[in-house]
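In the two complexes below, subunit A is the common chain; its partner is subunit B in one and subunit C in the other.
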Partner chain A sequence: MDISVGIVGQSLLSAVLVGSLYGLAALGLSLVFGVLKVLNVAHGELLMLGGYTAFWLFNLLGIDPYLSLVVVIPVLIVIGIGLHLGLFRHVVQFDEEHRIKNSLLIGFGLALILQTIAIRLFTADDRSIATSYSTNAWELLGLRLPIVRFSGLVIGILVVIGLQWFLHRTVIGKAIRATAEDWRTAALTGINVQRMYLITFALGAALSGLAGMLVALQFSVNPNIGLSWTLKALIVVVLAGLGSMPGTFIAGILLALVEAVSSLIFGGQYRELVGLIIFLIILSVRPQGLFGAKYA
Partner chain B sequence: MRSWRLWLYLIPAAAFALLPLTPWGTSDNLNLGISLFIVAGLASSWNILAGLVGRVNLGHVAFFGLGSLATRQLWLVHEWAFAPAFLAGGLLAAVVAILVGIPALRLKGIYFSVGTLALAEALRLTVSTNLPRISRLPGPMLREYDLTPRYYLCFGVLLLIVVTVFWLRRSKLGLGMIAVREDAEAARSVGVNVLWQSLVAFVLSAFFAGLLGGTFAYFHLSYYPSFTFGPVWTFDALLVTFIGGIGTIGGPLIGAVFFVLLRDVLASNLVNVHLIVFGLIFIFVVLVLPGGIVQITERWRWFSPHSKNVVSKEKVVT
Partner chain C sequence: MLRIEHLQVSYGDIQVLWDVSLNVPEKAIVALLGPNGAGKSTTLKTVVGMMRPLDGKIWFCGQDITAQQPHQIVNSGMYLVPEWRGTFSTLSVLENLELGAFVPHARPQKEQTMKRVFELFPRLHERRAQKAGTLSGGERQMLAIGRALMAQPKMLILDEPSLGLAPLVVQNIFDTIQYINQQGVTILIVEQNIHKALEIASYGYIIETGAIMGEGTSADLMSNQRIQKAYLGI
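So, the complex of A and B:
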């Protein structure tokens, strides 16, 4: 088999770019899971809704997808607040062991509902945002760097820096971290735990909306993409461990790199299996994940 | 167990056993019965690990798919007789469960769930890329296709699962599993081998799922091999168990009857929105009836009078 340096370099570069999208999709899930101890398996459906919102804004009103974030993110925040108040607020009242099981059930129910609504409203067709610059690319050391994909990496890094600042430097962020670490003690120090849960869930929804816009721009959205993105995000979350936003983002890139390397070596048809085996090996060696904090 | 409870199982079982002999044994009803048995069997076998040991396996379909794929390939492609192919399917699922279980069961809580979910998805994608073609029963078999033996095979596998769970519940092995569920550390301190107990439950659960996969391979005229690896099978089993009542023997069975009948009614009457109704029902169960249908009849909770696994109604005040 003839694998030139160029092909290897190109697939590694593509992997980093795709991986930053995995990372972005995982950030919101990791945040919600880490703080609320609730596993929102409808996370991918929120991402899908974000993608559709951006798609329709572009298609009907001609709003540039990056500009449309001004609308997409508030829309997802509203949806997130609604879902939290309507559903997940009731789940966090269970003790921690039952939060996960109950949130799985609620999440599946929610995913079914959102998927069906999306099929009814938008049909099952693949939709993607095709801007005038969608196919533009830079040349870099003989490698092709598509700009919309590169923007995912840049946005991802900016989001991680922003989240890091928010969680470590602001009062609300510190309160959220305290809630994640031990909500009882947090409540005793006067933190409004329920409000922190609400803020975290809304933030998680906003992050999935952002990721959804990038998915619609770089790939495509259809009503059924939710589960596969939830799954990718879950793998990244578990791989990274809870409690580290940069770690989650890096784990997303690592996962994509592993997939790319294994498809270079073993061929495309077994890359999922190889990815899984590596995932299981890492988990056996480091059950708390690669970057997991001790408390989480 | 008091005898009237046993009748609650024996009477429906007898009714299902006699169904093909009565005028109601139409092919529609037999088909419905087969899908009921498969869903009930998947839920009951999933419940062995989830209900007894307390581990949420989100990749249960992997074993269903493996059993189904192995049975179908050996039976149709390699032209084995059906019975050995069927057993081989179950055994393959069990062997894979041993290989996966030893590392995976060491993972705690959600990590185990995500690991098994990833396993099932990886298998599904691998099967769909490597075996993209539809699997059809060949012509001669199609001509002598008879629903009745298929009905009884599915019924038999379901009976085997339920009887095994009854037996487990009364055996030392099963009690050890429940001890692991209630408190793994305490169980370990009194000499329960936690990994061994979990592994036995996992392998039993996988073996039964593999057998059910074999019945599916026997039943269906044509399907895509990757279809039997679809995550929807796991979710159905999980939802049925939760709706009926996790950690009980009757829960998955009642849940399956409820689920299959409801799906049948909704799918024919509300074609477009039946999934929305389903979704609403699941949410309703969590919020209003967290112990499942058997919670209504509290006395049906046999696994443990203080079962922690029946989702608690106790709320934490913040």
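So, the complex of A and C:
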């Protein structure tokens, strides 16, 4: 009995830590989808590029992964600005409905291109950042708490607090929320809607870069991880509903908890399936998502 | 202050404005009147840069603004309160007003302007922490006008300000519009409620099926038999 309580506790704790990565990966996607009404299915590829940037900075230059964020984030911001100005800027000229369709096509193409480039440049090998403290862990009530995993939860909470502050306390943040609700009225208010789209897309890319570093540190990166992270993030976004950053983060943790519980009960092979079934049940009861506002 | 010259506008292949010209002098209240679907809203959308004309020019304060973006036009001092009110229902009343002062020239005096808006609409002060989506129709129109004032515009354009409001509220809104004009703001008002609009306007244009069919001082238009018959129900 003692052992099983320990196993349950350990797997729930791990789920919370993995879930904070799901949440982090979903924040950028949710922000971009909510504001631009553009579904960037290459979001996972941006995460992959963030992971590789951190990996190479560590491997070639010996830069600590947390410290490397001061490079990883600006690199992803530059990539985000480039992608927005080169591709997505043209998509947001359309009505909402066409934005989603066109962005899906562009996103899939972009994902394939980025994957191929990554294979060419970095080979298809799995890479992970192995620091001297990567295997360190704290003991907590008999549970193992690996510190690099725990850092994901802490960083995730800090990012959510930072985003809340930015979106609710700064003029640009309020203008972004206004643009998300109604871009026409935002334009009539004197808000440069295209500028808000650019800032939001760059912010989304920065967030995926941050998540990518943590993935490379806690797990590993290879050129093909993008799709599975995009799907995870997409499930979290739909589960949470649009418009709430804390809600998105919490939904990420909930998804991981559901997966963990289901794999304890039914075995590991069903974890994704049970996660998706719960996801469908919640959506049929609350189509706007757990934390999303009901749209009229 | 605002001069529209020979405006031609189409939605795709269907032309909806034919050679529309009108002039709004500084500090005046001018009314653009006509039935539903006559092209009033299209004219306004084109003026504020939400639509591009096939042909024609739009001048504001001596500048050609025909090719400008909406936010640039707002920055130059023209503000449209659209038919759909233009408030952000997921933002609080206070945040809505703050965003009204988003234009650079209005930001420094944000606090003073907001005080004046609250004096004009004490109701908004009571409801400042509420989400705009929870306001009544009249309150939302007050918020829309309050937001416009936050931008300290030289010219205010109002699209159907009386739409869907109770008569008492309509009177209140029109009194406010007149008061704003007395403070030196030029006003272009678009209305189906022609009688009400001509009471406060000094000059009016009649638009029908996309073309200007008549114009004149308010007194002239009120006494014009055809207009009386068609619009005023006399």
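As a working rule, the second predicted complex is superposed on the first by the 290 of 296 C-alpha atoms of A that agree within 3 Å, B and C clash if a C-alpha of one lies under 4 Å from a C-alpha of the other, contacts with A are read in each partner's own complex, and residues count from 1 in each chain.
The rule is simple: a residue touches a chain if its C-beta (ideal position, glycine included) is under 8 Å from a C-beta of that chain, and two chains touch if they have at least 3 such contacts.
Quick caveat: nothing in here was measured; it's all calculated off a predicted structure.
**Student:** For A:Leu234, select first, second, both or neither according to whether it touches subunit B, subunit C, the two together, or no partner.
**Tutor:** A:Leu234: touches subunit B, not subunit C.
**Student:** Touch check for A:Ala187: first (subunit B), second (subunit C), both, or neither?
**Tutor:** So A:Ala187 meets both subunit B and subunit C here.
**Student:** Looking at the overlay, does A:Gln93 come into contact with subunit B only (first), subunit C only (second), both, or neither?
**Tutor:** Only subunit B; A:Gln93 stays clear of subunit C.
**Student:** Looking at the overlay, does A:Val171 come into contact with subunit B only (first), subunit C only (second), both, or neither?
**Tutor:** second
**Student:** According to the stated criteria, A:Leu61 is in contact with first (subunit B), second (subunit C), both, or neither; which is it?
**Tutor:** In the superposition, A:Leu61 touches no partner, neither subunit B nor subunit C.
**Student:** For A:Gly243, decide between first (touching subunit B), second (touching subunit C), both and neither.
**Tutor:** Once the two structures are laid over each other on A, A:Gly243 reaches subunit C alone.
**Student:** So in the superposed three-chain picture, is A:Gln269 touching just subunit B, just subunit C, both, or none of them (first/second/both/neither)?
**Tutor:** A:Gln269 contacts subunit B only, not subunit C.
**Student:** In the superposed model, which partner reaches more residues of subunit A, subunit B or subunit C?
**Tutor:** B
**Student:** Name the contact category of A:Ser284: first (subunit B only), second (subunit C only), both, or neither.
**Tutor:** Once the two structures are laid over each other on A, A:Ser284 reaches subunit B alone.
**Student:** Of all the subunit A residues, which ones make contact with subunit B and with subunit C?
**Tutor:** Overlap of subunit B and subunit C footprints on subunit A: residues 187, 193.
**Student:** Under the definition above, what is the set of subunit A residues touching subunit C in their complex?
**Tutor:** 171, 174-175, 177-178, 181-182, 184-193, 243, 293
**Student:** Which part of subunit A faces subunit B closely enough to touch in the complex?
**Tutor:** By the definition above, subunit A touches subunit B via 33, 39, 87, 90-91, 93-95, 97-98, 100-102, 104-106, 108-113, 115-117, 120, 183, 187, 193-194, 227-228, 231, 234-235, 237-238, 268-270, 272-273, 275-276, 279-281, 283-284, 287.
**Student:** So in the complex, the part of subunit B that touches subunit A is made up of which residues?
**Tutor:** 56, 100, 103-104, 106-111, 113-115, 117-119, 121-123, 125-126, 129-130, 231, 235, 238-239, 242, 246, 272-273, 275-276, 278-283, 285-287, 290, 308, 311-312, 314-316, 318
**Student:** Would you pull the subunit C residues touching subunit A in the complex into a rising list?
**Tutor:** Touching subunit A: residues 48, 50, 69-71, 74-75, 79-80, 82, 84, 86-91, 95, 98-100, 102-103, 147, 151 of subunit C.
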